[in-house]
Each structure stands twice: as C-alpha cells, then as structure tokens.
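There's a structure below that I have some questions on.
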Amino acid sequence: MPKFDKMAYASADEMIFGQAKSPVKYGRDFTVGGGYVFPELVPHPRPGTEATKKSLMKEYEKMVTDVLDRCVAIGIPGIQVELEHVYQMTKNPDWGGEIAAQTKHLMEEYYRKFGLRSAIRATIADYRKPDEEDIRSSVALETILKAFEESAVGGADNLSIESVGGKEISDYCIVRQDIRGVLFGIGVLGSRDMEFMWKKIVEIAQKHGATPGGDTNCAQANVAMFMAGGYQDRSVPHTFAALTRAIAAARSLVAYEQGAKGPSKDCGYEDVIVKAITGIPIAMEGKASACAHSDLVGNLIAACCDLWSNEAVEYHDMFGGTTSAVFTEILGYDVALMNTSIELGTAKQLQEMMVYSDKYRDMHGFILSPENAYEIGKAIVENNTSYYSRAKAAALKAGELMMNDSQLKMSKFERESLQNALRILDGLPDKEEDFISECIDIYKKLVPGFNPANYGL
Amino acid sequence: MPKFDKMAYASADEMIFGQAKSPVKYGRDFTVGGGYVFPELVPHPRPGTEATKKSLMKEYEKMVTDVLDRCVAIGIPGIQVELEHVYQMTKNPDWGGEIAAQTKHLMEEYYRKFGLRSAIRATIADYRKPDEEDIRSSVALETILKAFEESAVGGADNLSIESVGGKEISDYCIVRQDIRGVLFGIGVLGSRDMEFMWKKIVEIAQKHGATPGGDTNCAQANVAMFMAGGYQDRSVPHTFAALTRAIAAARSLVAYEQGAKGPSKDCGYEDVIVKAITGIPIAMEGKASACAHSDLVGNLIAACCDLWSNEAVEYHDMFGGTTSAVFTEILGYDVALMNTSIELGTAKQLQEMMVYSDKYRDMHGFILSPENAYEIGKAIVENNTSYYSRAKAAALKAGELMMNDSQLKMSKFERESLQNALRILDGLPDKEEDFISECIDIYKKLVPGFNPANYGL
Amino acid sequence: MAAVANFDNIFVRYDLVGEVEAKGARVASKNPALQRVMQCVVEGDTDNIVDAVNEALKVADPLEVINEALVKGMNEVSRLWDEGEYYLPQAIIASDAMLMGLEICEKKMGQSLEKKGVVITHTAEGDIHDLGQKIVNALLRANGYEVIDLGKDVPVDEVVAAVKKYKPVMLTGTALMTTTMTAFERISNRLRKEGIELPFVCGGGAVSLEYVSGFDLGIWGKDASQAPGMAQDAVNGLSWQQMREKWNA
Amino acid sequence: MAAVANFDNIFVRYDLVGEVEAKGARVASKNPALQRVMQCVVEGDTDNIVDAVNEALKVADPLEVINEALVKGMNEVSRLWDEGEYYLPQAIIASDAMLMGLEICEKKMGQSLEKKGVVITHTAEGDIHDLGQKIVNALLRANGYEVIDLGKDVPVDEVVAAVKKYKPVMLTGTALMTTTMTAFERISNRLRKEGIELPFVCGGGAVSLEYVSGFDLGIWGKDASQAPGMAQDAVNGLSWQQMREKWNA
C-alpha cells in the first residue's frame, strides 16, 4: 500500500544536484546528497571473462584498479563503483560476494594511501521469470536473496536491484502502445512485486549493516524510452514513453516506502520525481552514459543528481587508457563542474542551463525537468489511495503538462498517440479492484504465462 | 618575424566560448566563433583498415555516417568532422583527397535532408624528419603540400597541420628538463619552420578556396604535457610542462601571422593565449577527449573554445553505438550546455565554473585560465622584437604567475624545478642572434642530425 | 527564471523536419467483406477481426480470405511502416489481427497453410529479456513463417538439439547482455562440429556487428524488422556468407 | 568574480599526499676520486663527468672506475627513481653522464666493456615519433646493454634483416599511432616464418595490451622504464611467453 502522502520539498526550486533532504553516509567517508555530487562508475566485464569465477574476479580487479588509479591521477575526491551483476555473479552468489570483497579491499588501500573516499553499490540481477515460475518462491528468488546476502557480507555498501515484476505484461503492451496494460504491468504489478521484494531486501541490508539503495524501472520504462529512441526511430511514440516514465515513478517509489534509503539506481530516470517526493539522494546518468545508450536528456537529467553515472561501459583499451579510466575521468570533470558551481553559489544557474538544454528537446526531458517532475510527484502523493490511482494520476498529469506547454513541439502522430492514451486513461475505472479484475480478464487471455498469483492477486 | 603587437581583446573578461573577434564561415552554413559553440568530432580508423585506399575509405564512410546519424538522432545543430590524416592518407595524397570528397558528399546529403550544418577539417600528417633530411625541400615536404592540395580540392573546408619543426631539439631537451633547449626548439626553430610552412599552406588554401586553419604544438608542448601526466607520474615536472606550453603559444601564433584564419587545432592547448592575441576562433579539447588522453584541464580548457573536440577516438562498438556516435553525443551535450548558457545570458557564470574547476588543479590549467593566458599573451606582444624574445617573455611571465599565486600548491620538487628553469631563462642572452649561435654550438654536439640549415640558420 | 527566446542553437528538432504526411492505406478490395478484413488488419483491430473474417468466409473461401485480405493487408502494413507512416506498434497489432484471422481460416480449411519455412528463435542462456525475440516471432509469423519459439534463457544444448530436430532455414538468437551472448559463439561451434550450416542471426542489446562477425554462421541483426527479409533470403537459398555480405557489409 | 573558499570538494591534490622527502643519495666511496665520479652520475653532471673520470683514472684502473663509480652511481639513480625522489629527466641525464664516463674508461682499456646483451630498437614504419625509443635506448645503454638503434620509420624488412644479422636477446618497437603499429604484427609473422623466437616488446602512444597480446612474440611495454628489467629477463633466458606472463599478467 502507498505510504507517501506529501512532498519532501516545498517546491521544485528547492531541488538541486548534490543535495538531498536525507543524505546517506557509508563506505569510506562517503556521503551522498550531503552537499556535493560524486561520480558513480559502472564497469562491465568483457564477454568471455564471465566463464569462471577466477577470470571474472581478475577482470573486476583490473577494472576497479583503473578507476581508482584515474581518480588519484586527476584529483577526483571520491567515487562510487557499481558492481552491476552479470547473470553469473547472482547465479553464483559467492562470485558476487567475493568480487565485492575484492573491491572493498582495493578501495581500502587507496583510502589509506591517498585518502580517496569511496563506496560500493552491488546491483543484483533479477532473473526471475514472471511468466514461467512462481516468482514469490522460486529458486531464482532464493538465489537472488542469497546474492544480496553475500554481497553485503563481502562489503557492498549499497544494495540495489532492477526488479522485473510485471514485465511480462509491460513487454506485451509497450510494443502494442497499450497504455492500460502499461499502467497495469508497471503501476500495479510492478509496485506489488516491489513491495514483496523490498521487504526482504531491506531486512537483509539491516541484518548486515548495508544500506538498502534503490530499484529502477529499467525493465519497463527504459524499454519504452530506448525503443522510442532518437528523432529518427519509429518503434514507440515518444509521448507514450513519457507516460510510461510517469507511471514508473509511482512504482519505483515503493522501494523507499519499504525502507530503502538511496542513493537510487542510475538508470531510474523517474527518480527526479522520486526525489521530489522522498528527499532521498539519487544517482542519475545522462550524456556520459552515451557509452551505454543514447538519450535525449543528456544535460537535464543531472539537474538534481547526487551521483552521476556512466550506466555501463565494457572494459576495453582506448587511446587514453581503458574505458573504466576514461569514463571515470569524464564523469569526474562533469561532477567537478557541478561542485564548483556549488562552491561559487551559482548552482541554480548551472541547473537552469542543464534544464533548458533538453526540456524541449523531447517529451522525456520535458516531464523530468524539475518543475514538471515536481508536479507529477504532487499528483502521485495526492492520489495515494492505491498503487493504481497514483500511477494513473502520474500519467494523466504528465499528459496534461505535455498538452499544455506550447514550447513543446510534437508531430501530428505523436500528439495523436498522446491524446489517444489520455482518452483511454480517462475511461478507466476509478477503483483499483475494478481495474485489476478487468485487466486480469484481458491479459490472462493475451499474455501466455501471466499468473496473477505472482502478485498476490 | 613576429607581427602581432597588440591584443585582440581589451581584457580577459571579454573572452568567452562561442565567440571570436574574427568568426570563420565555411562548409554547409557553418560559422565558428559567431556566437555559438559546435562540436568537432575526430574519428580514428581501426588498425588494419589503413592497408588499402578502399578499406580506409569504407572505414571513413562508416565513421562519418555514424557521426551524422547521431546528430540527427539527438538534435545537434551542426558539427565539424576532422579528418586527421593517418600517415597513409598524406603519404598517398589521393587517399586524403578522396576521403575528403566522400565526407563532403555525405555531409551534403544530411544538409539537404535535415538541414544539418557541417564542415570538414583536414589535418595533414607532417612526417618530415628534421634530423634526417632537408625539411625545406624533401620528398616528404612535396607530398605534404600535395596532400593539402588534394584535400582542398576534395572538399576540406579547413586545412590544418601539426608541424614538427624543432622537434629533434625539443625531444632531446624535454626529457632532460633543459629549458634553454626547449626555448630554442619550440620558440625559435618551431616558429621559423612554421613561417616557412604556413606561407605555403596559406597559398594553397587561397588557391582552392579553402580556409587555412591552424597549427598546434602537439609534437612538442603536448609531449611535455602528456609526459608530465597526472598526479602520480614522474616523467616531466608539471611546472616545466607549463613553461613549455607558454613558449608554444609564441610559436603557434606564427600560423596566424602568415595568414591562417582558424579555427585552430583542438590539441593546441596554448590556443587560449593565441585567441587572446589574434581573436581567431579556436578548437579545444578537454574532458571529452579523455578517450584520447588524460589531462588536468578537463573543464577549464573549454572556457574560450569555439569548437569542442574529442581529439581522437578509435572506431569500435560500445553498448551505446560506435565510438564515433558515442563521442558525438557526449560532445553534443557539452556544447548544448554552453549554448544554453549563452541564450540564458549566463555564459560568464558557466565559464567561471569551468575555470575554478581546474585553475588550481594543476599548473597547466593555471596558466591557461583566461586571465593568466591573457597576461602571457600580453608578454608575447610586448616583446615581439624576435621569435626568441617573445617566447622567452611568455615563459618568464608564466613562471612569474605560478610563483606568485599562493592558491597554486606545489611540491618542493616542482617548485625547485620551476625556480631552476626561471634562473636559467633569466641568464640567457638578450639578443636572438646570440642565443641562436650559443644554442647551435651546444646542440649540434648533443643532438645527432640537428641541421641549422633546416631553419634557414 | 530567465527564459530562452530561441532554441535553434541548442537543439534542432530533426524529427519534425519533413514530417511524413499521413496518407493512410492504399489498398482496396471490390468485395466489401474482404475489404473489411483487410481494414481490420491494416488498423490492427483485434476486437473486430474475428467477426470480419467469419463474415468474409460466408462469401469467399478460406484461401481467398487469406491471400486477398489478410496477406494483402499485411503487405500494406509493411509499406506504411517502411514509409514512415506507421510505428512498430501499428505493425505488431496488425500482426496480431492477421494471425487471429489466419487461425480461423485454417480451422475452416481443416489444415494449416503451408508455411514459407521454419525459423527457430531463442533468447540466450542467462538472459531473461525476450522482448526482442517476441517482436521477431510476431513479425515472422505474420509474414508466413513457422516459428519454433524456444523461449528465453535457453541452454546451448537445447538450441543445438532443436536445430537438429526441426532443420530450420534460419536460427535467431537474442541477448541483452554481452556476458550472455557468448553462448552464440558456442552454439556456432557446436553446429559446425555437427556439420550443420545455416544462417544464425544474432541481435539485441549489446550484441555488436564486431562480435557476430567473429564466428562462423553469424549474421548481425540490427533490428527486429529485418527478420522477415532475412528469413526470405534463407528460404531463397542464400548461404550464411552471402547473407552476411548482404546484411552486414 | 566570486571566489571559491574551499577546493576540497572540487579536486584533491593527491600529488601532495605523502610527498616524498628528498633524502638524497645514499652511496659513498672511500676513494674521493671515485666518490666524485659517482656524484657526477647521480647528479647527471655532464659538464664535469669527463674531468672527474680522468682524475679517477689516475688513481684507479678503468674497470674499477666503471664498477665502483659509474655503475654504482647508476644503480643509486635507479633507486632514487624507483622511490619517487627522481623524475625521468634525472635518470636520463645520469645516463648521459654515465655513458660519457664509460666511453673514456673503455678508450683507456683499449676495448669495449662486455655488454650484457644486444637489443634492437626501432620506431614503426610511417611513424616519426621516436622519443619513446630514444628514452629506451638511453636507459638500456646506461644499464649495460648494446643497443642497435634502427631509428624511426623503419620498414618491416629492415627490422627482420637486422634481427637475423645481430641475433639480439630482445627486439623493441615503438609506435604512436595504431595505424602504424600494425607493422608489429607483420614483423612477428615474418620472424615466426623464419623460425625465429625472441621477445618483441611493443609500446608507445596508442599501443595497447589488447593489441600486443594478439600476436606471437609480443610483450606489451607500458613504460620505457621497464626496458632494462625486460632485457635482463631476456638475458636470463626467459621465453617470450614467460615474459608476457610476468610483465603483462
């Protein structure tokens, strides 16, 4: 059940990068949201190195060393490294645990030698299959929880996940431009699964003194956003992807209602909205994550970030060093610019530049610009009678904002897609139970393997 | 002989990114320094593709297409592509020419279809060997000039080079921390060779309606800077590298005295000083060129840029597309931030953030911060009796600035290196001819192959 | 807050340059019943396709409904998509409608329509992201291919066994992660060892041309929309080398 | 202009963390003449080394001057460099001084000192950036190796011919550009074809571990300062595989 019923900030104007209402301190003298922004570097092992624990550990040792070396080469004050589990690291919880321990060991060395501040996020791979198994009691679930446990014991400071509840529905519906199904798959099923998962994750984190970080709607809203793609792509309308994102905000919020503390996961583009509601520190990724995917919010998305990430970069040599080192440097300078503006007292001016760079570049940036994100957040907390009602309110508010700002240009096709979706949303039942039973009827027929019991329904 | 005797700007305060006193317009509706900043993307072919003209052209076709595609995917208003010649493109002038023509053809298509503004810089490889041949009449020289010609005919808008005059001396002296030799190799020999080369380049450019771009002291000052490296490197003192850079400014200036118009070459870190003196538009590279090399001026160096470059990135796949596309996106957003600040009227605030991010990070950033760069520029124009005197004045001024700013921290070793160099500079002869004959005596003995006649001496 | 008067130097909305004017469908049938079926396919009207097909079957035989309405409608959808008037969702729901209609016609005929060929699809071992594969399945089926869907997280052994069993014209593999896509190379090696040659199209997420060109049989799939065209080539007897040359050059 | 009161959250000057306290040289000789020679090497005093060596040769025989002053001084320089007190230039000018002194002693002996082994160095065809190679040459020579310097922009044929002629313990190649470093692989192939095995150390600019690990004989050189240690391994009979394991693991 929804808990948040008010905003953490009095207005969007209060929100700024580097500062969160509830900063988080962990790792080696590492504070997130306490006044300054830090980089979060996410290295990705080369294909083939996942074959054995030994080769994967060796790969991580190299990647992490390169990150730390570049920090002390150019003066980066502190850094978080994300160990974003490849399947094998979760499947074999001891792999993830030992890689965390090895990373911690390296970081301690650099902290001792140079005073380099640092922290580790372990993001466990959610490889449950909602359309093939009982996701509330499968082997996959057991293993995932074990992986959390081992990572925490190994030395991960922050435990995160990209949970996949409701993906069987949203996958089916995103490519069919079915807003009702997206609302059901993300807003209802996703939220319910998160409630289930995060109770357990928070418990594990507390048991081992780790911080429960956050969850992202990567498996759903990012699918829509990446399929919407750039100006020349025609897979998913950009307006539709933006509505999906608004719905995702209502869903990702659940982690913090269940006790997660942040910093949230970098690829949760919805987290500007989440920060407005919760005041937790957030990780964000924009232009420097072009190595992982293209987006239309390269600057704007940094407007309220507390960690600034590259999303994922495969380990390779470039002229200027390995990719781990190269992207550490790029992030490091991006962050230095933000922190300098903070020291100069001109952070709000920099934020304004970030925002206007992309606010009207695309619908996604538009709804995620702080003032619009704040409005969507308000719609969420004001409609917190059910997961359904707040997710629907988020989408309607996002749609309304898009329709009413004349500076946001749209093609005829995009506008029609939006109007069409809003019409459907308007026609949906008021009560959550009515919506749920309607959707169960429809999607049980359409989506092979969809099992409401997976969501306690 | 030196020509510039005054500054283009009344003060450093007048200098800002996106704006040059003498903007340059060429290519497809592409204006540099006319109010906004554009990205300059430099793709580098994969090893092996240089084997034949056919395979290299194919590689360039792919690389350039990826650049243009990413521009129209995310909304970049215009872009310059640098064809930085690999040896084979200059050695076989028709290769360079045909690749320029092919690039122009692609750009015209995107201009027609989307209105994407664009331009081409061809940077010819200077592979003359000052210690082995007569660099004023060698086959290499002939070929280089032919390559300029063919590139201009093919469609290059901007002709540039990284000329190597004096490198035999500076190579010997940089690794021996011999400031006298560096002053001779860069300030005197480098300047004299540039005068010789640029007369010819400007003539070729004019003949074919191309714009003579600029030259960079890549072969000398960048060697010193990259060897100085990061905080943990101990190859060349950072103070020494900074003095080398100041000297390089006096040298790179010669291109514009001979008729070059800019935009200058991205890797000429000295060009902030050159812009202050000449008012030409400059290309700069900082954090987004981490793919090519690490530096300690990632943000600051953008303070006065008109083009913003990645220096060089080898063509490969990343998760987010090919490196050409990825770095186009990163540069594109960096530039969008600058242009947004221009539209918002807060460009000076952004510049201030850039500057303070790195002004005290390292000596290089310190002397290249606009106000210090301006002072060094003034020392150059006020001592323009000879190439020698102005280069020496630049170094002395840079040294004085470093010694006198208490916020610039230095290790004992670094400070001693600096004081030592300044002491030597102070003791050098007043007159250029005395300095030259002293140096010829010394370095003829020490540097095998050094031939003063190569420099008209 | 200050305002930006002019965004033209910050970004250019290239998506609005030369916007495609929606001209709608071009095909028509003289037979109003067939016309309605075609309409349902073109509009992806899964609510009414069943009724429309049943009505059409009263005035036309199943083969005619298939060829003159369902297939024609689908071809029109392909055209609208190619020309930029349709987005992927329009193509997907059209496939849905088309397949629903086809099922009714086949039931009426008492047999399945002969398929153009068999294609096996799967998502790599360790990878649960099968959306790409599902799109491929839908597009292949709507274009007349029989799809053997092995699902997601499929072990290498299973893929090899299925190829031996079904003898498909083409195999596809989807992977979001580079660390799961390594299974593709293992599949290729196993198939080669068994002396089996067939085009093995690999795509999705992090799968790159560079990687797929590194092993035999591999053809890089840039986009799900290429699947029907590739399957057609395989049916036409192009070797994997020829297909690689054609699609990946 | 506003000012920044505190830079600690913008950058940290890690170069000033645990700054090495200069403690100076530690070696000493009881013989003042030898002490002076050693001093000249340690300080890279090329102005006075000639005089110092000539003086020392009045009281000691050439071999003693070499071993007790020149070599000892150079060893001390290596230590100071390893421990962070010296930068590269101090090592280079020390080598200069050492080699000047050595030349005088050898002339006096009427023969060259036996070298530890022969190393061939070159800069790749098409590449005129030979500074890296020159540093390698200086460090190898100062450490007692005979260097055959093929210079810059050296064709593959010439490198192979030189290896056959001089039978070095080790070959090095330097390249700034990836598009010239491709010559290294060709050299490796040619040498293998001729049945020649030796460690081929490749480094400089854009040369990467990934690339050099891709062909036989190749060992990646991260830094010129590694050259003497690698040459020592080659003299000690380590194979290129063992050296790759040791230096590139």
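Chains here go by letter, A, B, C and D, matching the order in which they are written, and residues are numbered from 1 within each.
Keep in mind that, in the parts below, a residue touches a chain if its C-beta (ideal position, glycine included) is under 8 Å from a C-beta of that chain, and two chains touch if they have at least 3 such contacts.
These numbers come from a predicted model, not from an experiment.
Common neighbours of chain A and chain C (chains touching each): B. Relative to the C-alpha centre of chain A, the farthest chain centre belongs to D. Note on chain placement: the centre of chain A and the centre of chain B lie 40 Å apart, centres being C-alpha means.
Averaged C-alpha coordinates give centres for chain C and chain D that are 60 Å from one another. Work out the mean CA point of chain B and of chain D, and you get 30 Å between them. For this pair, chain A with chain D, the centres built from the Cα atoms lie 50 Å apart.
Residue positions of chain D with contacts to 2 or more other chains are 2, 4, 7, 10-11, 13-14, 178, 206, 211. Residue positions of chain A with contacts to 2 or more other chains are 44, 72-75, 231-232, 314, 316, 319, 336, 339-340, 343-344, 346, 352, 356-358, 361. If the chains shown are joined wherever they touch, the resulting network has some other arrangement, not a path, ring, star or complete graph.
The full set of touching chain pairs reads A-B, A-C, A-D, B-C, B-D.
Those residues of chain B whose C-beta lies close enough to touch chain D in the complex are 44-51, 86-88, 91, 127-129, 132, 164, 171-172, 174-177, 219, 223, 227, 231-232, 234-238, 314, 352, 356-358, 360-361, 409, 411-413. Within the complex formed with chain C, the chain B residues making contact are 35-36, 72-77, 113-116, 316-317, 319, 336, 339-340, 342-346. On chain C, the positions that touch chain A within their shared complex are 1-2, 4, 7, 10-11, 13-16, 19-20, 22, 81, 84, 86-90, 92-93, 96, 126-131, 134-135, 151-153, 177-182, 206, 211. Those residues of chain A that touch chain B in the shared complex are 44, 69-70, 72-75, 229-233, 286-296, 298-299, 312-314, 316, 318-321, 323, 325-327, 329-330, 332-334, 336-337, 339-341, 343-344, 346, 349-350, 352-354, 356-358, 361. Listed in rising order, the residues of chain C touching chain B in the complex are 2, 4-14, 17-18, 178, 205-206, 208-211.
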